[in-house]
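First chain A sits with chain B, and in the next complex the same chain sits with chain C.
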Partner chain A sequence: MMIKGDDLLKPRILLAILPLVALLLFPLFVRDRYVLHVMIVIFVYITLVESWNLPGGYAGYISFGHVLFFGIGGYSTAMLLIFWKIPTIVTYLFAGVFSALVALVFGYISLRLKGPYFAIATLALATIGRYIFLNFDVFGGAEGLLLPISPWPPEFEKIPYYYGALGIATLTVFIIYGITKTRLGIGLMAIRENEEKAEGLGINTTKHKVIAFIFSAFFPGVIGGLFASYLEYVNPDSCFSILYSANILLMAILGGLGTVTGPIIGASVIVVASEVLSFTIGHQVRLVVFGFILVTLAIFLPGGLLSIREIGRTMKERGFVLGEREEIAAP
Partner chain B sequence: MTLEARKVVKDFGGIRAVDSVSLQIPAGSITGLIGPNGSGKTTLFNLLTGFLPIDEGEIWYKGRRIDGLKPYQVVELGIIRTFQITRIFPKLTVLENMLIPTRENGLSHLVSSPRKDGRPKKAIQLLESIGLAAYRDEPAASLSYGQSKLLELALSFMVEAEIVLLDEPSSGINPSLQARINQWITEENRQGKEFFIIEHNMDVIMGLCHHIVVLHHGQKLAEGEPSVIQQNDQVLEAYLGE
Partner chain C sequence: MFHTLGQIIINGILLGGVYAVMASGLSLIFGVVRVLQISHTILIVLGCYLSYTLATTLSLDPFLSILITAPLLSILGFALYRFIVSPLKSGPPVAVLLAFFGVILILENTAGIIWTTNYNAIYSIYQGRSFVIYGLTFSLPRTMAFAVASVMIFALLFFLKRTETGRAIRAVSQDRETAEVLGVDVDRIFLIVFGISTALAAVGGSLMGIIYSFYPALHWQWLGVVFSVIVLGGLGQVNGAVLAALIIGTAESLTTYYVGSQWGPMVAFAILVVTLVQRPQGLFGTRGARI
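Then we have the complex of A and B:
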């Protein structure tokens, strides 16, 4: 993302606040349980994708295993609720902290790996995590754990989770946005563009990456905790399904890597499209469509939906539209 | 005491790229590093700035041993370098590029804005003096090769460095701009910055430097004032052949 003077800032804030007010009022008008459920899922994914985007989109460290932090959050809340009977909302904070701690340890070890090697390490970590939770009795094995039943009456039971998820997603977006405006943020972008040069200009790259990774694990942990208490159960499949990681990637790329609004757009579009496509062409065929979308995007819109205005130029560059190709200046 | 190498050795497989080189940058000087291609100049830069580990010897700066430090730690001490092949950050704007260099990595520093302490103002002044101010909001990828070289040089001026190591700053730059860069280096030097410059252009080296070190096959061949180096038979032989 490019910073082009601060005069653009004010209308941007307004643009952020208006939808937020609309979302706050939304449950007053829409009581449909299904719609509220879809909204909660969107908020969950916004949190996940926005968090993933900090190391992934800004620093270029693509994680294939981000579901791990979501899962750790879910199990943390489950364990705390079942065994220690701590107030639910407090368990979310612990869930975030546990995820962040795992990210600290794993990040410190693995962030020296670059490109595909880092991606594979994250995939391995998520798989290991899943098997740990699958095979230890204290975590309930394959059946998982049942959480205490929600105290809310059925007609209102989605409302607190709706506001909880909205709150966490909003906080995530604003904090990540804030981070991208700091030295840490510009340092992360420098790392993405050229890590060796960044280090040569005084950037402590390891520290930058580990901090980014900790933040990117904290929020998924918190929202994982909330989602577990919302579903009222956790099991290795609900918490560690690789589909989450795949969806995060799809949404991030669809929305636009390394932008703050991209994940919001990507998460919303994919969740809604998933639901619509499940009704129309079926649950499984939908994945084929997503695969097709991803490949098409990679070719025509590498900047994601946010860069849709540039599609004409990209089509030309790729030779799909006849016309003068832009000359690439020789060094 | 300024930057000093003591019997530094670097091997690449069976090749000794830097062979027991000892040198000291005279305080307050502009020092040149010359030598034929493959004589180990850039490798020596990489060793001095922590980009490569040394095999033997020591590197000292201000009474402190600095070999083994990471590149960013070397920058924190006040030693910054440029690269022979420019490595700017292509997708960031020219101004954003300028805001990246830093000598601090503390937590409170990381959460602060890169735009505080008048840094954008300083950046724009620097960009104006090299004629890139008009491109400040353009992605750095849109710059030409020569302009990228200039940006690379300007980046090294964004931190309050004490020593600047420049790796062939004049290659690919037109003569009038070259004169401006030389002027720039001289001015910064008068204000207390030391320079260590790799250069093939002898006019630049002889006109700019107070002190010259010659490398050949990884060894220090000669060292001294420009006029002395110009008369040195060994140096002429290394450059021109027998």
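Then we have the complex of A and C:
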């Protein structure tokens, strides 16, 4: 099995590098502002869903309030740019660190809860966060804050954010992928399968969960900062809309929980579908359609779109090596 | 000063009574079927809008419209059980949660398409009227809503305690396997519980629509309220939920007056988080709470 795995590695690396090169060259050929905007939104969601997936898909801790970290990142960058006037790119790092710190506190509060209770607690925490930013005057209330205007000329103004978002999304995907291959990632999957047994086997489940939660907050914080400087404004709706959390859930489950490629597929499909459907059938009808998709997926295809392929593959494998199931299960 | 405090507490208790109806259905579903029905509050919003439509088109009294909206919505409750909960019962609890999230998207946006996303209010003849007892003002619509809510809660408790079906529901809630062995049709009980719960959501919606203005996305706010009620009251306990609802209504009323109206809606969420973390078994510490 090991040798087979190594053989698979080469096309896998190619599979990761080729699209990346294509995406790097993309703005050289496509200058359309709208297309670039959609691409930025896709990168933002890839970052959000991939991060959400670490505690959500791998450890089974489904967060309904992940938008919180995105929003904290956005407001962090806004506040730093307005009051401290430090370089924009540095604020992104601070945005990530602030989100991670909040995640450390919230993780200790909420990760003691399991399953549905955790989901409800995260929803409540995100709502509390939204009220705090809405009600304190420093944050500009419902109108929010205006950020300094981008120094780039209009025809190029999307390019730096395109590469910034692409960079953050790529980094997120690779780091999360790396984490899933470490002891931490394996521990998280053990927690998902059976938390009590995992604990019995000597896995420090609390530590695992909190670390995963911190990682899953850092990247949304960074991308939240970038998106705020891209939009040039922040307000409670642009930063804490429940729609972000809904979209994250939809994309994660569509792509397949607990996979690295799932969030990329889910985010791309849903963002493009959102744009197309908003133009054709309108924003609200689109959300009704998405609701039906979510219900259907939950009932009929809990493994997401990727699982169609996997179901086919397992059946094939079983057909080839009938009676040698241990071999398949071993790695 | 004491007069003001008394007035605030009365307003809070009147509000809490309506919260109790809003949360009791959810508590029932959790206690019996053991799923968290996160789309419960969007059903309450639908209750608001159905009463609103009946009031504007047929000029039906919003309190009387409950007689139509409750049975109507309970059909939706039956459908939710048959098509979503029943097939997913044996699966991971998260699958049900995600499916209900989908239901929320469907219903919230359908309501937005039909009734727009703007604020709406049900105008009734009781609007703006009030009476005074011992110097304390009782708003007429709020007091009537509280009265209807109390009747509903007592009817529910009576039904659960004194009728054959009610006893079967309690049996399933206490020990599902044994109830099944003793010949209780658990599937039918679950279906009935979903019907009752949705009917209660319709009642809560009509009452809420009479005393407050509403819009489709308001259910997120109410989700915090009903969850804090059922968690504080002890998951699955209808009695506890009633007391918790009165506490939360009063807490919200006090916060709105003494801290600021913009913080009022946050109270329920804060109570929810603190209870989940500090006392997940709720006020009365039940065995039923599985956290």
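We take it that the second predicted complex is superposed on the first by the 302 of 331 C-alpha atoms of A that agree within 3 Å, B and C clash if a C-alpha of one lies under 4 Å from a C-alpha of the other, contacts with A are read in each partner's own complex, and residues count from 1 in each chain.
Quick note on the criterion: a residue touches a chain if its C-beta (ideal position, glycine included) is under 8 Å from a C-beta of that chain, and two chains touch if they have at least 3 such contacts.
These numbers come from a predicted model, not from an experiment.
Residue contacts after overlaying the shared chain place A:R183 against chain B, while chain C stays out of touching range.
Of the two partner chains, chain C is the only one that A:A246 touches; chain B does not reach it.
Note on chain A: of its two partners chain C and chain B, the one contacting more of its residues is C. Using the contact criterion defined above for the overlaid structures, shared-chain residue A:G115 touches chain C, although it does not reach chain B. Within the superposed three-chain model, A:P19 lies out of touch with both chain B and chain C [touch as defined at top].
With the contact threshold set out at the top, not one residue of chain A is in contact with chain B in one structure and with chain C in the other. Against chain A, the residues of chain B that register as touching in their complex are 49, 51, 70-72, 75-76, 80-81, 83, 87-93, 95-96, 99-105, 109-114, 137, 139, 144-145, 155, 159, 172.
Considering their complex, residues 2-5, 181-184, 186-187, 189-190, 193-194, 196-205, 207-208, 211, 329, 331 of chain A touch chain B.
Those residues of chain C that touch chain A in the shared complex are 35-36, 38, 84, 87-88, 91-99, 101-110, 112-113, 217, 220-221, 223-224, 227-228, 260, 262-263, 265-266, 269-270, 272-273, 276-277, 280, 291.
Here chain A touches chain C in the complex through residues 60, 62, 64, 109-110, 112-117, 119-121, 123-125, 127-128, 131, 134-135, 242, 246, 249, 253, 284-285, 287-288, 290-299, 302, going by the rule given at the top.
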